[in-house]
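Two complexes, one shared chain (chain A), two partners (chain B, chain C).
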Partner chain A sequence: MQTVWMRRMGLAAATVLAAAAPAAAQETIKIGVPTALTGTYADLGDQSRRAVVFAVEEANAAGGIDGRKVEVRFLDTEAKPDLARRQGEKLALEGYKLLIGAVASGEGLAMGPMLQRWDALYISTINKANQITGSACQPRMFRANRLDAADGAVVTPWLAGRKETKWAIMAADIAWGRDSGASFIKSAQANKRTIVSENYSPFGSNDFAPYIQKIKDSGAQGLWVALAGRDAINFATQAKQFGLFDTVFTAGVSFVTDNTVKTLGEVSRGIWGIINYSSTLDTPANKKFVADWAKKYPGAEPTNFEGETYIGMQVLLQAIARAKSSKPADVAKAMEGTTFDTILGKQLMRKEDHQLVGPNFFGYVGDKDGKLKPIITMSVPPETATPPADAACKMPG
Partner chain B sequence: MTDIVAGAPTRPRRMGFLFALLAIGAAGCTLPAVVQSPLFLTLMTQAAINAVLATGVGFLVRQNGTVSFGHAAFFGLSAYATALLIKFGLPAEAAIILAVALPTLFALALGVVIVRITGVAFSMLTLAVAQAFHELVLKWRELANGDDGMAIAFPARVFGIDMATFQQPASMFLVCWVALIAVILGLWLLCRSRFGTLTLAIRENEERARYIGYRTVLPRAIIYAVSAAIAALAGLLFALYNGFVSPGTLHWSLSGEALIMAIIGGPRLVWGPALGGVIFFFIKNAAGDFTDHWPAVIGITLILVTVLLPRGVGGVLVWLGARLGGRRPS
Partner chain C sequence: MVINILNGLVYGGLLYILAVGLVLIFGLRRVVNFAHGSLFMVGGYVAFTVAAYSSFWVALPVSIVVLALLGVILDRFVFRPLQHEDPISTVLVTFGLLLVLEDVVKTIWGKDFLSLAAPPLLSGTVSIVGETFPVYRLMVIVVAVLVAAGLSLWLRFSRIGLYVRASSVDPVTTGMQGVDTDRVSAAVVAIGAGLAGLSGTIAAPLMALSPSMGSFILIDSFIVVVVGGLGSFSGAFIAALLIGQVHNFGIVYIPWAASLIPFLLMVAVLIWRPTGLAGGRA
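== the complex of A and B ==
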């Protein structure tokens, strides 16, 4: 009796082992998203989340990547660098080692030096600070979106055509805002324009009145704004109340975006700005993406940050398929120097600084198809839009 | 009269505390060998750092009877001192020592002035001082890189120890755990000393202590400095483990969290706040996993503890221990 029982047990054990072997090979691909789900940049974090969910569902509906299902986990960082570092570590230690979608540049900069210790990888889709692919570049850190210097490359020729000579800057006092301000000063100098007032407000400010008054008093004719999320909404609303937009010509970056225009309405009309992605772009791949997006999120068009994050997901998933592995080291290797098929055409992930070489756009908020939204007036091809790799980037071994 | 009678039988129990502390300490040291999960170990390391900070805050409540809303100042100053002194070329060893020494001396100097003030005014002053430092690092971008925080350029070896020891969860947990046990032990001895009794007497009735002939400002300033030194030690451990520091370490919300930890654990006990720190950390972590509204969970916990367990979770454990030991709970 006992021998029969033992034989059965042995059989059962063998079956379990046999079943476990392919199961291990078919392990899911785990993607971790440390992003701002609450706080000043919650709206940007939400766009990042929607794009990642869309890309993951799309990949799984198509049978997964190399037959492996994709799984995703989100943790809130409040766009704070120290919290991003903690949440990034938590995700990596739980096995979600492929990180993507943080909002503030400071988050990427805080996670960068830790990636090798965590055996993780991070793809920026919203972080713009030049250091990410410059002085702070890392073997495991990549950027799929446009950096501040790329925005500068679009602003310089645009500024040449503007008549305003005196400019003011209003930016967030974080890595990105400072970077964007510095970049705008360069563009202004190249066009012999003067900067009469520089203002950097703490991240998450509620009261912009002192800055608005200063800008009005400075005699500025033009204003460059680098504020995003709730900062952008607060500033724009208060600037309107103070009548700033009536006297000062305004342009910016991440300031009037698809989502802030929806909230601000008429306040945003006529404001110019950088457009890193638009659902109106006329490529077959983008048209398909916009149509699929409307099926997943009825009545919605993908916003700029959603488009950019989706491009980041395209790069990540294609790199995993190429590497035939989801190990961060293998994926990083498969990413370097590879050209990816994105909704904005073929884009190269540069080996030297891990920057994706993509196009950039400029435009203003106006009516299109009966809706108020950012409209593209100037397109810059990838090679011109993305400046050469920063010499300050020396990949640590 | 009752003191003399009660004093004798409690002595073995106090020795019992010492043995219990050392036993818990030793048990904790085996944790990295038993638990393999780096995630759990990293959470335990962060919890231990929290516990050290809470112990500092709780000790001030216990010994001086005053509530600090600004202990993040010493925590953050220590972390920033480590980062900045290394940045300005000091050897890491010197930076580490100064990171605890400077905030402690500052607290002593500050304490001599502010411990004369009691109640809410004292709390508000501590809050103001801490927020001043927060604004300083936030606004002075050239010094400390503002809101984005700064990475600390530790060398490969510190005090002849591989830096990885301080940055791997398994080894760093041991460092933090031993530090926590040592701090609790030190405070326990301090409380039993003459100085400990004196400060308790001042807490109970300052005027009476002064009439008996004691100076009352300096002892309280020293307690304030000791409590700040513990917060600074926590800040140093944080800096060593994370290798990164941001203005959040100086923000009043951290001071508030430390106070909540102390209240949950029970500040009447030397070890209560440490327990509160660990409980707080794990509630925050578990709640954060399923909701973005984790502060609500912490808030409800705090309300439940203050209403139902005014002596904190630690107080309940002591009461249970006394019941099980067959003694009449005090």
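== the complex of A and C ==
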């Protein structure tokens, strides 16, 4: 009896849906965010979430995209590739086919080959591994943030001006850390610097003392760190206690960021690093973004990851408006070879490898406006900062 | 070399203080406490807040006492009703407790990582065989040794220690001899939880406080408990020192396999002596 009743209800629901079909154009735009809400990269995932929420609310307050409201759903991936693939699929099956905001490169690499099967689309806003827009590039995968090779393009000229000749590497043993390490080795070789110690710690390490001792024993004068989130804080705290930063000149990527500096305080002072986005950048669009951000999150300035994720949202929402459709295939088409208005100026989404061509920056942690934060000392324009498309990228049909 | 051994002792010491709490609770209540990692985490957060208003030295005892009280409550309302249940239900309940405590911490302290500085008295370095070594890390070793010595004296020479040893061998027979095992258990769980508070507090200046920090260290402490032998106090001590050294020298000499070695060690011990290094009762 019950099944018959349920079937009738189903029929009734289908009829209602069919009747609503002409109004389908008014359907909401659904954005899915599979990201690290817990675990080692939870603070990065949280920044990603805040930026997406900000962009969605901003779009809805302005009447939506093409008159359609935007809605968003978050699922936790713990920054683990296998979990990201499951959560990405779940989101896509539930209609949230426009995916954005995963943290670890491994997550993007795990979702990439599945996107066409899911009829979904993914925009990286934090994943740095070169493969995303290189050997593992996909018709439905895009990147709005800077890749490791783009960081290398900033590191190489910077390294030329440093006097340290012997360098050590301390990176996370995941796709991004390995990639960043390899990228730094290239920059070092270009400058005739030697690498005396290479260390890759498991994702989510508690104790960095053995690595710190190895770096000290290696006689390194300089240290390149590619650790993020909890790993970055654990390493920095322990390295400071060992006095490592007093004797070894330290720089890194995603290591001393707006958010980790907040936690580390004085420990992070004087550490150099790549800055992919900074709220201090002086463009009218960025100033407006920073002011609006402070209204939504009182007392806060957008962090590097928040700025980068917001740029990804700008690209996505503008592509939807341009395509006049939120179907992933249409949005992907509207994205290729198109120039977007972002908070860092006009940026081109390259057709060949789906990489957004944007600027990159370098600087150190110091005092600005009475606050300790990463300060930009070197800016590299988009065309120089973003290396040409990787020949290894052959879009599968 | 000396520094590497010391580093192994620091991590081993930290694991010991955490793992021995697990052993105490398992010995008395036969409960594998998955929530132990979150007690460690809560201990760190309590210390952070107390230290913000006073100092590390006030935070240390306060965190131990708060966690011990939490332990008494857990024992009365969670472990005691669970002790005769199927082990799988205790695992599920304590795992659920872990999730609840993580969410409570997220609500109170937020999701951002927090960092507690080492007390000024211990924040310097000393020179050991020509290398600099943080004083704070030496303190961690000292605390671990004190805990080990204190626990073994207490277990060996006090009346309640006798009851604890008896109950962890056979709680039913011990009860029949007229020992109030529920009261003994309350005390022991309080001590176990207090030790989790202690380890959380001394770990706070070493690592970032985050709601999920408990799960990061729980796996390592379970390895210690299994290698040492479930319910064995001396086994936990030996195993913690061993895991600390293996962890440290693994990273120094065979980094590509370092994270695998503690697990291999555990598998080897389980094959060779399924009851653990010091376990022989099962």
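Just so we're on the same page, the second predicted complex is superposed on the first by the 376 of 397 C-alpha atoms of A that agree within 3 Å, B and C clash if a C-alpha of one lies under 4 Å from a C-alpha of the other, contacts with A are read in each partner's own complex, and residues count from 1 in each chain.
Quick note on the criterion: contacts are C-beta pairs under 8 Å (C-beta built on N, C-alpha and C of every residue); 3 or more make two chains touch, one makes a residue touch a chain.
Owing to the predicted nature of the structure, the values given are computational and were not obtained by experimental measurement.
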| item | value |
| --- | --- |
| Which superposed partner A:L44 touches (first chain B, second chain C, both, neither) | neither |
| Which of chain B and chain C A:L316 touches, first, second, both or neither | neither |
| Chain B versus chain C as contact partner of A:P113, first or second or both or neither | first |
| Touched partner set for A:I343, first chain B, second chain C, both or neither | neither |
| Greater chain A contact set [chain C / chain B] | C |
| Which superposed partner A:P202 touches (first chain B, second chain C, both, neither) | both |
| Partner chain(s) touched by A:I174 [first = chain B, second = chain C, both, neither] | first |
| First, second, both or neither for A:Y211, with chain B first and chain C second | second |
| First, second, both or neither for A:L356, with chain B first and chain C second | neither |
| Residues of chain A contacting chain B in one complex and chain C in the other | 38, 202 |
| Contact footprint of chain A on chain B as seen in their complex | 37-39, 42, 46, 138-139, 141, 146-149, 151, 167, 242-246, 248-249, 288, 292 |
| Chain A-facing residues of chain C, complex | 3-4, 7, 10-11, 102, 111-115, 118, 123, 125, 131-134, 136-137, 203, 205-208, 210-213, 216-217, 220, 247-249, 251-252, 255, 258-259 |
| Residues of chain A that touch chain B when the two form their complex | 37-38, 75-76, 80-83, 85-86, 89-90, 93-94, 104-106, 109-110, 113, 117, 173-175, 178, 202-203 |
| Footprint of chain C on chain A - complex, ascending | 38-40, 42-43, 46, 199-202, 204, 206-207, 209-211, 213-214, 216, 229-230, 233-234, 237-238, 241-243, 259-260, 262-265, 267 |
